[in-house]
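Below you will find the structure I want to go over with you.
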Amino acid sequence: MRGYKKPTVSIIGASGYSGAELTKILLRHPSVKLENLYAHTQAGKKVSDIYPEIDTDMVYAPYEGDVNTDIFFLALPHGEAHTIVPELAGSGKLVIDLSGDFRLKNTQEHLQYYGKEKDPKAVLTYALPELFHEEIRQAKAVSNPGCYATAITLGIAPLVLAPLKDAGVKQVNCTAVSGISGAGRTAKVELSYSEMNNNVRAYKAGLHQHTPEILQALGTDSINPAFGFMFTPMIAPLVRGIYTVLNIQLEKHLPVSQIRAHFSDFYRSAPFLRIRETMTEVRHVTYTNFCDVHVAESAKNGSTVIVTAIDNLVKGAAGQAVQNMNIMLGYDETHGLLL
Amino acid sequence: MRGYKKPTVSIIGASGYSGAELTKILLRHPSVKLENLYAHTQAGKKVSDIYPEIDTDMVYAPYEGDVNTDIFFLALPHGEAHTIVPELAGSGKLVIDLSGDFRLKNTQEHLQYYGKEKDPKAVLTYALPELFHEEIRQAKAVSNPGCYATAITLGIAPLVLAPLKDAGVKQVNCTAVSGISGAGRTAKVELSYSEMNNNVRAYKAGLHQHTPEILQALGTDSINPAFGFMFTPMIAPLVRGIYTVLNIQLEKHLPVSQIRAHFSDFYRSAPFLRIRETMTEVRHVTYTNFCDVHVAESAKNGSTVIVTAIDNLVKGAAGQAVQNMNIMLGYDETHGLLL
Amino acid sequence: MRGYKKPTVSIIGASGYSGAELTKILLRHPSVKLENLYAHTQAGKKVSDIYPEIDTDMVYAPYEGDVNTDIFFLALPHGEAHTIVPELAGSGKLVIDLSGDFRLKNTQEHLQYYGKEKDPKAVLTYALPELFHEEIRQAKAVSNPGCYATAITLGIAPLVLAPLKDAGVKQVNCTAVSGISGAGRTAKVELSYSEMNNNVRAYKAGLHQHTPEILQALGTDSINPAFGFMFTPMIAPLVRGIYTVLNIQLEKHLPVSQIRAHFSDFYRSAPFLRIRETMTEVRHVTYTNFCDVHVAESAKNGSTVIVTAIDNLVKGAAGQAVQNMNIMLGYDETHGLLL
Amino acid sequence: MRGYKKPTVSIIGASGYSGAELTKILLRHPSVKLENLYAHTQAGKKVSDIYPEIDTDMVYAPYEGDVNTDIFFLALPHGEAHTIVPELAGSGKLVIDLSGDFRLKNTQEHLQYYGKEKDPKAVLTYALPELFHEEIRQAKAVSNPGCYATAITLGIAPLVLAPLKDAGVKQVNCTAVSGISGAGRTAKVELSYSEMNNNVRAYKAGLHQHTPEILQALGTDSINPAFGFMFTPMIAPLVRGIYTVLNIQLEKHLPVSQIRAHFSDFYRSAPFLRIRETMTEVRHVTYTNFCDVHVAESAKNGSTVIVTAIDNLVKGAAGQAVQNMNIMLGYDETHGLLL
């Protein structure tokens, strides 16, 4: 890339866990220059005051406009990206938004799951690269998927989007374990070490906001779904990771080997998707951008078990966002993401 | 109980985690006398050498017969109780066996899931007290349920054994998280702190030996089941606890409130079964003999989510064994089990 | 105790971790009746809403005076017991205060370490039972020691209060690891699971408020100490426990065996003090009222290492408070405290 | 480095935790080529079978000589490097040995602490780069320091090797917390998650084999030490990290600010040594090659507290080994080690 001036990137909402992970990845990315770190509540503090493991002298600043940056990552809480994204996109910047504000096309679902009205036009390209690579390549602004949505959608998509003959999907029951960092860098009694050590807690069974996101990515919706869908997330005593057990009811039995072969074929061009022949574990993907998928079992009545694992802060947030940036810039998808 | 001579109890296989938990409970039980602790590999060692938190001077001994004990608990590895139980039962002792050796009636299932032939007569009363109280009361020897089997069966039983009108069970998908103590006090790399911290790992999806046990307790079997059944266990970084998410497909939608009322009614005489109106967590039951059940969600298509929690070493093993002893001796079911 | 009317006990500040531990212990104590649980911020809530593992129907109430209670435990934050204790003591109640408000005799030290002026008369009997049993027996109101102070003082006292010939203490360097519950049930980012998993952090090196408390219990003070003293606490990823490594510089070398014998002799009447011949571990004392002490090493130059362990919420707070109540009521010291 | 043929590196003992960490670092090092991974017990297995998070197709092989490799890292258990190192060094290879076999010059100490006779000539350059940079630069074979030795020596060295006027070191008491990975990838009950969760355990107080190594690096020995020295290590529930609290008794009081300035000056050329003004934590250095040092407190009597933190597998093993390789090859010390 001799003679090539590196594009500049900045992060708005840089001081949370996703923002910090983005900071780490972008600092070592060979082909972009990390320009500014914006964080309202931490403005004026050094990055290394909050994250001493990040070796940089950069200082958080309040965002008040920025003409020098080419590409913006937004890692703001849900609801806060709403007005900034259109402004940035309108001024010709590339935008990758990690919030839920621009994921759902259906305003009724957005209202139901996020509790807020939304502009029907406030929808960006849904940037799950393993499914929508070409759309992302052409987009100027994209919406980065949720962590659960990434791990679950990738474990179901081959059976829904490329169904095998007579083996349509009738019902999907998803149970997922999330690391506690998924709740963000926040002060809550119920997230304290004393409360979560040796604990497990489910929440929002059937009601989690990633439910309509997953169904939309699979070509249907939560109001009139093409197949039954139930998702129950839980948190357990780990920091990073999403681990999903997907019970998929097919119309007929398919042998595990056939499903594995179908997955391998479906994802043959996806460098971060690993079809594992043995059981996957969270530790296999921690600190990586991989999504591991293991087809575990299929019963005579078509009941099929698929297990997936990602790092919620990497493939479930910052890593996937950089993967999307690579695609948007025409770089190799894995550029700066393989350690 | 003035003038009443306390019955004597001994534990065979006393040095593992279930044996140690039995030791703690029986030492403080007001109406039995803990007589002997048998443990082959630890014979000669003091209990407090291995479990210094247990305040006793008792010493492990090798089991070579014992005429002074009235009630035997067996907490041996699977396969080792096989010959001892019939001898003890034959000599008029009360026996509570915590292994899997006497749980399954179906020899074909036993062979498939435990890898061993078994004598068709080697079946004891299946001692899940919330379902089989009367049978246990009359038994001289009982088989204590498995930990997953306890947590899962209790979360399904009201819908299968007392189905609501037109709302039969079509399919059950169980995902369960187990504490690592469930694997026993054993030296394995994959159970080390370094490997399991921040990790989650599923195993034996669809193949776990508690599968036929659950179905048998629900009145069917795994070979020709009356409803679809799939069980995927996983271990996560906690020591104690079983946490289950049960996805139950009913023939028609029932409101959550109706299912809760049905559960409350079904378990109205079960002192350790708590129907919770809010989400249960592992920490709510740790070190207790409670099984908490929460009816979380039911979708329009009949897809229903129930969450249950127990302590695997208490309600899932030692506590339930003592609950069974109480019933066999005519004591109150909770005697010595409420702290 | 036939015909004996049990004394009534109440807890002011019942909803924190120490208060909850007191609740558990007092609910099962055979010879007192738990009457009221006072908690300002949680008033109106059921105990089991916050601590579902506690099997009771009791409800938190705001404290507005209480004539029906015989014995009060105060488990309030530092500074809040200041006015209540004198009122209760003045009205003839027995009082056991778990805060730091009444521990230090020296007002200058109190100001320095707690940042507040204090009334020179606001001092209660310092209730470390292994050292001050007789004073506690005669007291009507006592101040329960701090958790670090308990674990450290008990590991040094025999060498300071009953020094061996020519082996006076010259310098003590204490390093202690605390479980995170020691910071209380509180919402702070730095106590969250995501921040403390795989982390260790020292704090207040040389400045911790238990420093003058330890020295006072050992018969000296922090302003003109009879020996050098340095204490560095740290928190590590465990919930319960205080583990101390005490480096004690003696004026001459004493063999480990002699020091052990001296400790055993010094604590011969202390039922909760266990002199261990092998290394102690936190798990040996968790959920117990024991303080384990191990004399680990002594070098030629008199440098001696002693290791101690307690459960910070039991021997370091609630258990010791009940031990003190037992002594004040003339019960056996261990009554209701051995499981 | 156009036209420069990268030197080849191989690891003998590649399948343990240090070997795996070396593998990760060397795979991404820009200026060497990882050639072979030798591991006796895992020979024939793919690296990714054991460490799926390492993205490579490399396969473990048994070591039976290797002429194609320029630089060897040995990450064998203590005692196993003894014969291989001289052979490799004799054939002109660069060697970096991570075991304890070649660290101690004093054969009497080696016998006492490792339980084995050793050849007085079996001593390599002790490769703690912050102290012995020039010796390492000129060496062909070096001995990589132990993890505790690294974290402790670096926290004491400025006060011993460059003492401030009239402020000599009289006594050093070290207490260190280690992550459990320090015990290696090994199957032991006492390292299991069930035993170490919520636990802390000291061991080898005063007897740990890093004691003479630290003293040797500081220019004295454990048999006739120039100052008193006592070291007590402990393990706590974390995977990675060494955290040390160093109580250093100086001949006179020095203000904290003066000691900090002295440390900053002493380490002014050491890129991985960070003198922190606020308290350091393990998480600040995890997955990095940094050693953080914080001068925490100094009392009137000269008692001084210094806290240090490293990642035991990086700065305490693999990272430091690569830092040494960089120095031996004339690369920048930090090459490939800053993420």
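Here the chain labels run A, B, C and D in written order, and each chain numbers its own residues starting at 1.
To be clear about the criterion, a contact is a pair of C-beta atoms (placed from the backbone, for glycine too) under 8 Å apart; a residue touches a chain by one contact, two chains touch by 3 or more.
Bear in mind that the values here come from a model prediction, so they are computed numbers and not experimental data.
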Can you tell me which chain lies farthest from chain A, using the average of the Cα atoms as each chain's centre?
C
If you tally contacting C-beta pairs, which pair wins, A-B or A-D?
A-B
Please work out the Cα centroid separation of chain A and chain B, and write it as a whole number of Å.
39
Where the centres are mean C-alpha positions, what is the separation of chain A from chain C, in Å?
47
Centre distance in Å when chain A and chain D are each reduced to the mean of their C-alpha atoms
37
Multi-partner residues of chain B (each touching 2 or more other chains):
179, 195, 197-198, 237-239, 281, 283, 286
What part of chain C is in contact with chain B in the complex they form?
24, 27-28, 52-53, 55, 197-198, 276, 280-281, 283-288, 290, 292, 338-339
Note: in the complex, chain A contacts chain C through residues 17, 179-181, 183, 185-189, 191-198, 237-239
Which positions of chain D touch chain C when the two form their complex?
171, 173, 175, 177, 179, 195, 197-203, 205-207, 228, 230, 232, 234, 236-241, 243, 245, 247, 249, 279, 281-283, 286, 296-297, 299, 301, 303, 305, 307, 309
